[in-house]
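One chain, chain A, links the two complexes that follow: it is found with chain B in the first and with chain C in the second.
Our next item is the complex of A and B:
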């Protein structure tokens, strides 16, 4: 899939859900952005660590994956809206029957995948169902 | 800006072309387009080629020079440029050709598209196509291309009551149209039951909701409208060429069930052409997945948001309906050689507007629209043309 540095380049962001916050517009960004797309000026963006609680906006269950993810099928993939506003794409660990639009989720640190050729295991954030699901 | 017309068009048969290389496909389509346009090599002063991933599919880059060479134009040193916008590479090549002629920099230009996809395994092809999505923030977490469209479908169904059967109806219609098109990859019709019983790819999308892996090439020849009659009795005039962009990642979009890039490009195109959506007689839209067509006919202004499923179910998009969509069979049935698709859409429109579309002819077709999408909406290209 890719080179080793590419896996590790965004480690703090992927491990800890670190994004940015524009104090001028009070908007949160994930992945982190150096320039706020709202005010576009160098209002000082500050790092912000999301706690990762959010809601499933939409989802799918993948039965046919690329080679890197074949071993994990079937798995759920969702667009999740974090409580602070930004959206991201991530896996939700539960059965295909359990996941639904509006479901509350929280992050879990898991093995994300394995690079087929080099056998490198890489980690990152997945999501699990949280209390208070609708 | 000068008015631009299509003076000739050609297309290869789409499908698994085991015996033919990328070069063979280019030669085949190039000859057809030039013969159709009655143009000699000396008259051509520009070449644009859409190609998404020659590097991944056939380990060949520098496709611009290659195409020029294959077309026999290398000794004339005709400038040749490859353009890339994932699955919209063909549409973008057409747009670059139109801009070159409209601006007066070039007079006779070939806009072509080619993709040779079946030389690699399914897994490699899927990964190459996934590169149209956001590698770092979508694919890294296990997203595939069908998965992104499946998430659009899921939310569209949840919000607007679009049904699983409505999605299947898109495939049924497009396979029917494809069965009337000699270049179409799939010549067989399918039923709703067959679609609903095909294997799951990415729930709710099944195998028969997805466009196939395809080899193919297509080309059109462009000239200033005022000189078009020198070459052909039936030039097709480009009334508008428009392009829109959006975030690469689906999750960053304003609305996940709308491709704002399509909405933007369509609005610009209609205002450029001075037309309303209801004045369009037929359209070729980007149905890489069945949900793609339902979203497209809404985003282009043919139907209200959320109404695309109903319109399809009621037959309004079939040949003979209110606005026939994807008479070629679309990407779904005709096939989707990614770099060639946008040009094939123009090829189909040329046949329809000339009245040469045979068993799938839309009676009295005067104005047609083509809509080509890159990724799941990072790029959208819309052309409106008329006879």
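Our next item is the complex of A and C:
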């Protein structure tokens, strides 16, 4: 798990998928980038809040995990392509039988991890199937 | 100037355990489901707690009425299962719904009625025009000790209400509270499960406080039970709200739309506010709703609510309470224990 200051700095992107958008070439970035790799200094990046809807590109199911994640097994880790284009890795909350490539997902606010019994609780974004959930 | 509910949102986790499954494990011979009128209860996912479900409910409330989060000047989060002993639930919710940081926030705790206490605090600030909008939340992922009677009912759920002066979905016409020092239920710092005085605590706890707050408000408002189209009483089980309604002169028809406890269990700080949301889901403009919460320790907050035209604009823009009763997943006791952290891995 990341350190407390590092987690704190990343709260906007973890809680609300805040990335960046380049108005010049219309490219979206998550995690956020300070400078557009296409346009360099010719463009000024703006913050962009993704609504988190996307598609499962590929996935793997974890059956054996470290102590911190043992309680959650089995769980699905997927590469998700957000509708605006960026790809990110995230947990998809459903059974291993339910997840499939091309599945539509939407964000859910969940516990990402805990720093032991005494430490901080890390909250952030996971994904749930877009169909069949409220 | 009238004030009241501008928007509302509810979240109930997807998992359920049936009362008969809990009874099977503990060899309980009595038909607990029938005697409590609770057939199944909600169970949080392994990565859900009172904070995450509060965020989900708050996001629905924000979405339902297209609220600009920057307008929210106060967040009060009521719970008896705040994940941190020190570190507010309200600040995490604020960040997750995208507030502009110019706001006041605090956590409330009063057993099952911390959520209605949060509504009162917001209503006071809104009515005095000290703030624009307030966000009041009741949220809990409650625990009963394994084998204890509470294990059949202690459930998870959250309700969030945006309180303001304009574009009202429902006006809060008045409230009346009744509070005493009654040790009917408690949990000491650092203890995982609550203690309670057993079955006899119903009379001096729930019934005394709910009837006193209800009669007090009816007198203050100069209303009678028949003046209300609906009534919601705190739902620690499926028996108490039915019995207290009868005692006070309200009918089964009045409480039926808001009586969700048989299918989700007691969601503690969420309970009466989820019942109110289920009632707002079906109520029409001009109709009146009577609401009375209860929190052990003990107190009851009663509210007289009038549904406004605004309800029609927002109701269908978010999930209704009954949507959370569909497509649920049933757990057996072993997986349930893993969800609730009863097994130390």
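Simple rule for what comes next: the second predicted complex is superposed on the first by the 125 of 134 C-alpha atoms of A that agree within 3 Å, B and C clash if a C-alpha of one lies under 4 Å from a C-alpha of the other, contacts with A are read in each partner's own complex, and residues count from 1 in each chain.
Heads up, the rule we're going with is that contacts are C-beta pairs under 8 Å (C-beta built on N, C-alpha and C of every residue); 3 or more make two chains touch, one makes a residue touch a chain.
Only a predicted model underlies this, so the values are computations on that prediction, with no experimental measurement involved.
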| query | If you stack the two complexes on chain A, which partner ends up touching A:77: first (chain B), second (chain C), both, or neither? | reply | first
| request: Spot which of chain B and chain C makes contact with more residues of chain A, would you? | output: B
| After lining up the shared chain so the two structures overlap, which partner does A:44 touch, if you call chain B first and chain C second: first, second, both or neither? | neither
| Who does A:87 touch here: chain B (first), chain C (second), both, or neither? | first
| said: After the superposition on A, what does A:66 contact: first (chain B), second (chain C), both or neither? | reply: first
| task | Give one of first, second, both or neither to describe whether A:15 is in contact with chain B, with chain C, with both, or with none. | result | second
| field | Shared contact residues on chain A - chain B and chain C | value | 70, 72, 112, 126
| request: Name, in rising order, each residue of chain A that touches chain C in their complex. | output: 11-12, 15-16, 49, 70-72, 93, 108-112, 121, 123, 126, 132-134
| said: For the complex, give me every residue of chain B touching chain A. | reply: 123-124, 126-127, 130, 135-144, 146-147, 150-152, 154-155, 158, 199-205, 249-252, 256
| query | Which of the residues in chain C end up touching chain A in this complex? | reply | 11, 14, 45-49, 51-52, 55-56, 59, 83-84, 92, 95-96, 98, 319, 323-324, 327, 338, 341, 345
| message | If we count contacts the way the header does, which residues on chain A are in touch with chain B in the complex? | response | 1-2, 10, 14, 31, 57-70, 72, 75, 77-79, 87-91, 96, 101, 112-113, 124, 126
